[in-house]
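Take this structure first; my questions come after.
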Amino acid sequence: MTGFDELRLTGVGRRFGTADALADLDLTIQRGEFIALLGPSGCGKSTALNCLAGLLPLTAGSIWQDDQRIDTLPPEKRGFGMVFQNYALFPHLTVRDNIAFGLRMRRLPKDEVRRRTEAAIEMVRLVEHASKLPGQLSGGQQQRVAIARATVLEPSLVLMDEPLSNLDAKLRLEMRTEIRRLHQSLGLTTVYVTHDQEEALSMADRLVVMRLGRVQQIGTPEQVHTKPATWHVADFMGYRNLLPVTAGRVDGETIVVPLGGTTVEGVAQLPPQADGVAQTGALATGDQVVAAVRPEDVRLGNDDVAGLRGRVEVIEYQGRELAAEVVLSDGVRLHTRTDRKVEPGEHVSVSITPGRLLVYPSGGSAELPAAELATAGLAV
Amino acid sequence: MSTVSGLDWRHRLAERGVDRRLWLLLPATVFVLVLFIYPFVYGLSLSFQPMNGGGAFANYQKFFSDAYQRDTILTTLKIALPAALLNVLAAVPIAFRMRGRFRGKRLMTTVLVIPITLGTVLTAQGLLNFLGPTGWFNRVLMGIGLTDDPIRLTNNYWGVFFSLIVTGFPFAFLLVLSYLSGIDPTLERAAATLGASRSQRFRRITLPLLAPGLATTFLLTFVLAFSVFPSAVLVGNPAGSTRVISLAAYQAAYEQYDYAYASAIAMIMGAVELVVVAVVLIWRSRLYTGSTGGKG
Amino acid sequence: MSAPTSTSAAVHNDGPTRAKGVRRSLRATPTAWVIWAVVAFFFVNLAGVVGSVLVSSFGRRWFDTWLPSGFTTQWYGEAWHEFGLLHVITVTLIASALVVALSVVVGAPAAYVLARQNFPGKRLVYITFLLPILMPPITYGIPLATVLYKFGFAGHLSGVVLANLVPSVPFVILTMTPFIEQVDPRIESAARMLGAGTRAVFLKILAPLLVPGLLASAILVLVRTVGMFELTFLTAGPDSQTLVVALYYSMSAAGIRAQQSVDAMAVIYTSMMLVLLVVALRFVNPTQLVARVKEEPE
Amino acid sequence: ACGAPTTGKPSAGSTGEVPDKPAKAVTLNILDVAGNLQLTQGMIDEFVKQHSDVISKVTYSKSPAPELAGKIKAQQNANRVDIDLVLTGTDGLSAGQQQGLWNDLLPKYADRLPGMKDYLAPAQKMQELAGNSGVTVTYYPSGPLLEYLPAKVPQPPTSAEELLAYAKANKGKVMYARPANSGPGRTFLMGLPYVLGDKDPKDPINGWDKTWAYLKELNQYVDYYPSGTADTMKALANGSSNIIVSTTGWDINPRVLGTVPKEAAITTLKGFHWVTDAHYAVVPKGVSTDKQAAILQLLQFMLTPEQQAKAYDKGYFYPGPAIKGVELTQAPQESQDAIKEYGRPEYDKLIAENPTEVPLDAKSLVAAFDKWDREVGGGKVKKS
Amino acid sequence: MTGFDELRLTGVGRRFGTADALADLDLTIQRGEFIALLGPSGCGKSTALNCLAGLLPLTAGSIWQDDQRIDTLPPEKRGFGMVFQNYALFPHLTVRDNIAFGLRMRRLPKDEVRRRTEAAIEMVRLVEHASKLPGQLSGGQQQRVAIARATVLEPSLVLMDEPLSNLDAKLRLEMRTEIRRLHQSLGLTTVYVTHDQEEALSMADRLVVMRLGRVQQIGTPEQVHTKPATWHVADFMGYRNLLPVTAGRVDGETIVVPLGGTTVEGVAQLPPQADGVAQTGALATGDQVVAAVRPEDVRLGNDDVAGLRGRVEVIEYQGRELAAEVVLSDGVRLHTRTDRKVEPGEHVSVSITPGRLLVYPSGGSAELPAAELATAGLAV
């Protein structure tokens, strides 16, 4: 089975017992696209990949490759490649043989197998380890074998389940580049699961953000990053400050919310429509809403400026910048980032980058559980 | 510091596999030494004390110079090797198919294992009854006109062979099935995503991971088949084509009451087995043995 | 046999889509058909083998006909009384339970070391454990019995148990070794890091993971013990004969015995084993394993 | 000689003078390796009932004969003999004698066993064969006989030649079991030299030329040799064989049991001699003198006519009694009924009119088995 | 075995066959310290943890706990806790039983076991999954079980091998906080392997940076981050631009190196002395050196400024900022980060934050293999 023009998942679902690990997944993947699946741990990303690969039978929906229905095809007939989250290396085969396995299955000429295998080994920087068994490798080395094994086949669709999670930052960058390079030079289609937003943002053409087995938002990195469709997505995309408040004045897209004894202006957001783009409107004064803002968009200034004010509590050194928690006068705790040298206990002014405070409908108290708020680091 | 070098020494030993875990060998070793090796050495030395005089090796010479006795080795191998091989080879694909989930699987497994309970006597009686000249099998054959005269399937090589299959197959199946269950199915799935067909997955992934277990299974089935005794007598032709070596030893011990000679024959029997076993073990030691992912 | 339809991947419930979709489970390969045909053939014949003994054991007389000319349970009654089978079966059960338990207790740790560690002299140890399986009891049975009589073990159940342990312990060692090799040593490391000593590692971690292996070797040891005539005979006292001694007697001793009576003994023997096996399989399914969980959650 | 860790001296209490009566009632462990209890258990139980002051309890066990010697040897080497009385055929008896396992009861205690004086003549010969360690408890003339179904063999062979001719004409229809595994088989083997008039019927290696030649010729018309008499009986019953070899016991008892049709008949070969058989009681060395005393009393009890009459059984070892003057009418009713229905009046005549011979001694017998295995039974291999 | 004051590793080494996976590790860990092990994949981090835990026999050196030598103690006697890189969960035990295992081994009262287990389950947010078997969990869920299992015992020393690698950013932050909290509230000592620099920098009291089985630098996060001891450490710490050049004028700490047709000033660095702190001096004009600078310290400006100039080649969207590769006029390729909107092909001026260009001795060509440079993304 070679290339395809598009891959369509319609209403794909997978149930374990009574729990839906994946539900109602509708997604069309164009040939050559790089799709990243994102979402909290346990949200169904691996399940989705497994369904696509044919390793888990669907409990609902269907998968179409162009006009052919493929969800009943066994995995080996689909011709997709997969990097397993737990690698699933063949313990009895050396690194080299693990990588060559797929090529051999295709009965390629010996020469070509050797050539391509060696190239893949080099790509993942395992030349000195090529004759070891998986059990003799470090975690990151194993992960690289898994990557090489799946990509050496240059399959029409590569499914990667957190393929870089055990690599250090430097190697991760390099591998990212390699994966992008492979993707582009061979015109592969890639579905990539990652928990690393930066990875997702920088590599993917489109992101699929999931939660509890359901898609929350599908969009370009920029869309998802700047316009999260729900406060859950915002939460996940690094809007670490999620404040359940009551909407004040609403004026078109602009909505005023109370904060720190005063009010700030936010941009109203509405749940996405079918086309996957967030729509505005329909938020009214008095609604329970969630205001979301990233730490980077909360700026600390000198104490003497008017507006929001707070006291620095916890600070954490993070490379160039500091992560600081600031408690406002109304007790709301804000996560911020700053390159100023601040000390715990210091009083500071706080300003929010205009247009970067997003306001979401809360979706009812059931949708905004206290526990979740607490875990989001928010003092209610 | 002397204590330090003492400790370093311990690391070095640990590196070579000598550490306190070796104590776990102790109970079994003591047990085997006291209850087996000690009596066994008597048996061994006895084999060098021929009843009717002669040199220490007289018993061995007697065995090897008598074609009637010597041939028992070949006779036994001719029965045991094919039977053991067939048992293992048949067990593998069947056990392999019993892995997935399907309705009635538990029943199937149980039914496949059940013949293990038959024992040699029931098997022998059953084979004699069933395959005998007026048994159901021949009745059916003659009934549907496949043959005019009953075909003889007992009191010859085939009788013994069948009895080894009936008793040996479930044994092999049970072991193989259990060994198989320890192999992580994810590995096969990984192979599937790499384009390996069912049979390729089996050959390239499952089989190699199963191989150490298969070696052990073969060994045990072979040893059981090699020492086949009651069925060689009951459903075989003990004076002729199924005159196995254990029968020769039995006759020496219990008909001629020449325990020394019997011991010698039994030693030879053990030695022949040991050769086969050694070949298998050497092969096994070259296989990958280790975690197969299924239990971790 | 319903098997062919359930071979390939008939592993999941029929979802709503499956009705329309290709029935994957029906695509059994030709190999599968051949295999199941062979299995079926095997079973038909096996049923014949077992059935003919069973029928015969209830037959009054059975000459050149499809079935006996009459049915009776007299053979069972006679065997039962002649050998005091109730007692013999009790002894057999106790002895085999003890042998199975002890051989696992003694054998499993040794198997563990052989599976996990390379140490100098390992080959020698291995061969030493192999020998009792390779060597027929003729070579060591009588001196072994002497030793056991000398120390007052033989002549009772304890002698029977000890003597049967001789081939059983190595048997457990041999069968268990590959099972232990399959277990990822890191699981054990994890347990040790949590403060589990060797005993706890064995009982809490290895034992559950090795259930299929333990079960398989226990069943096999059981079968061997229940069927081990020579060593049992040599070491048994009048009160510690096991069923196999009675069976061998009825089969091969001098004197006249109705064919049906031997068949009845064999059926009794097999029934006892069958009960044991079914009980064992009831409690532990050899294929219902940890790995299963990974395979098909449902 | 069979290599045990220690070679023990007899344990205390097993040597010395045997009292007339045990100091207190003993428990006896009796091991039967010959199927003899079928005949004698009634006698023993009766003794215990009557003399519970001598024997308080008996435990019976049964085992095949060949392994017996090893077990006793192991016990004796360890000085712990827990088998007090063994009931055995000639094979077990002589195996033990070769190994020196048995206590000599005779002639030392002959006076305590007056019943031995009444042995039938052939039983007396069997007793002589037993030497000093065994006491004959049951006897039968055995065979060799030919057994057949009259419906299938209207004119049974009456001589060795005729048998051969019949076998030739009816390939595969004459059958006997491998002698080493079968009483009738070995009786046939030992009886043939007399039928054929061989040079030395007691010397199977040098004196049986005709016998071996005959057996080899017969072998050409025999399909296979089952490994037990029972299989030949079955073959006769189901029609896959027409003529098998048999003995008195194997003729009557299986018909009682229903494994062979009642209408089966027997015949003998011209010039045949009975090759007799007996069961013995032996006491292993190492049994305490108290127990020996009890055993002597028991044996004497068993050698009384009333008890011996139980040996008629259901024709199992027909006739069974070893001593003179034991009539069928003294036997239990059940026994009488069975023999009345399945027994053969012609046996009395056959027994009375044909000479009896003791079987081969153990060594010669083993040699005969070996030769048969190699040259007759083993010959099958090349053929098929 | 309970608390200790210090843990000393002296000359610890571990060899596999002929290869040293770990060599000459000298490290003293104070009670209550949080130590992070950092280094490229395969550098020996897991090996070091395993040696500490007692799971791998040492081939050299010794380990002392206060005055007691512990390297020959079996793992269960050391009383340390460990999170395994591959989790090593007990496949036959539920999440709850996995976590309770250690407590049960200690024969704690049933009540306490239950209480502590439930608390740990809650901590790692697995309440709904507590009765599942590991095989029924997602990757991240499994990892959380591993964390809970090791920490619920509150061992005197916790060893964590990349414990957060399979968690999404949000959860990772939360878990980090939990781990820090545990560490602080219980006074645990923690040795933490991570490939995530930010994690290392923000959590650890001291970092141990390793390479090829050997320690490269031991220091506080700030030391390691701003003063990497060698260019390897720099490389690893995100100095993505590593330029092999010839030293120009040397003036105390200041050293001039050629770049993009002109010259720039850098700060000379020397290999660390025994105390682990980098020392300066002894670099001379004409030496082969490696200049290192982070992408964040390479700023892009308008085309019209004098100085370094280059052309933007590849750009990559990374959340708020862009990662851009700029090729200078002499062909050197620089990785930069910018929040300006630049387009590929655009000509820009390039400036380097003063004091942020570090210059290292190259250690000879053997120490600066071409391959490694290539993998560092550098066009030579």
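In order of appearance the chains are A, B, C, D and E, and numbering begins at 1 in each one.
Here, a contact is a pair of C-beta atoms (placed from the backbone, for glycine too) under 8 Å apart; a residue touches a chain by one contact, two chains touch by 3 or more.
The UniProt protein names, listed by chain, are A, E = Carbohydrate ABC transporter ATP-binding protein (CUT1 family); B = Carbohydrate ABC transporter membrane protein 1 (CUT1 family); C = Putative spermidine/putrescine transport system permease protein.
Just so it is clear, the model here is predicted, and its values are computed rather than measured.
Peer 1: Any chance you could name the chains that touch chain B and chain D both?
Peer 2: C
Peer 1: Once every inter-chain C-beta contact is counted, which two chains account for the most?
Peer 2: By contact count, the leading interface is B-C.
Peer 1: Just grab the chain with the largest centre-to-centre distance to chain A, centres being mean Cα coordinates.
Peer 2: D
Peer 1: Rounded to a whole Å, what is the gap between the Cα centroids of chain A and chain B?
Peer 2: Chain A and chain B have C-alpha centres separated by 55 Å.
Peer 1: Quick one: report the Å distance separating chain D from chain E, using the average Cα coordinate of each chain.
Peer 2: 90
Peer 1: Cα centroid separation between chain A and chain E, in whole Å?
Peer 2: About 23 Å separates the centre of chain A from that of chain E.
Peer 1: Taking each residue of chain B in turn, which ones touch at least two of the other chains?
Peer 2: Counting only residues that touch two or more other chains, chain B contributes 19, 38-39, 42-43, 134, 184, 186, 198, 234, 250, 253, 259, 263, 290-293, 295-296.
Peer 1: Among the residues of chain E, pick out those that touch two or more other chains and give their numbers.
Peer 2: Residues 74, 86, 88, 91, 136 of chain E each touch two or more of the other chains.
Peer 1: Could you check chain C for residues that touch two or more other chains and list them?
Peer 2: Chain C, residues with two or more chain partners: 9, 11, 64, 141-143, 146-147, 184, 186-187, 209, 248, 259, 262, 290, 294, 297-298.
Peer 1: Across the complex, what residues on chain D touch chain C?
Peer 2: 2-6, 29, 31, 33-36, 38, 59-65, 67, 70-71, 73-75, 77-80, 82, 89, 91, 181, 183, 228-230, 233-234, 237-240, 249-250, 253-254, 257-259, 261, 316
Peer 1: Could you list, by residue number, the parts of chain C that touch chain E in their complex?
Peer 2: Interface residues on the chain C side: 184, 186-187, 189-197, 200, 204-205, 208-209, 290, 293-294, 297.
Peer 1: Which residues, counting only chain D, touch chain B once they are in their complex?
Peer 2: These residues of chain D touch chain B: 1-5, 66-67, 69-70, 95, 98-99, 178, 180-181, 223-228, 231, 234-235, 238-240, 366, 369-370, 372-374, 376-381, 384.
Peer 1: Enumerate the contact residues on chain C facing chain B in the complex.
Peer 2: Contacts found on chain C: 2-3, 6-11, 25, 29, 31-32, 35-36, 38-39, 42-43, 45-46, 48-53, 56, 64, 66, 105-107, 109-110, 112-120, 122, 125-136, 138-144, 146-147, 162-163, 165-166, 169-171, 173-175, 177-179, 181-187, 198, 209, 212-213, 215-216, 219-220, 223, 226-227, 244, 247-248, 251, 259, 262-263, 265-267, 269-270, 273-274, 276-278, 281, 285-287, 289-292, 294-296, 298.
Peer 1: Within their complex, state which residues of chain B touch chain D.
Peer 2: So the residues of chain B touching chain D come out as 38-39, 42-43, 45-46, 49, 51, 68, 128, 132-134, 150, 152, 155-156, 233-234, 236-241, 243, 250-251, 253-257, 259-260, 263.
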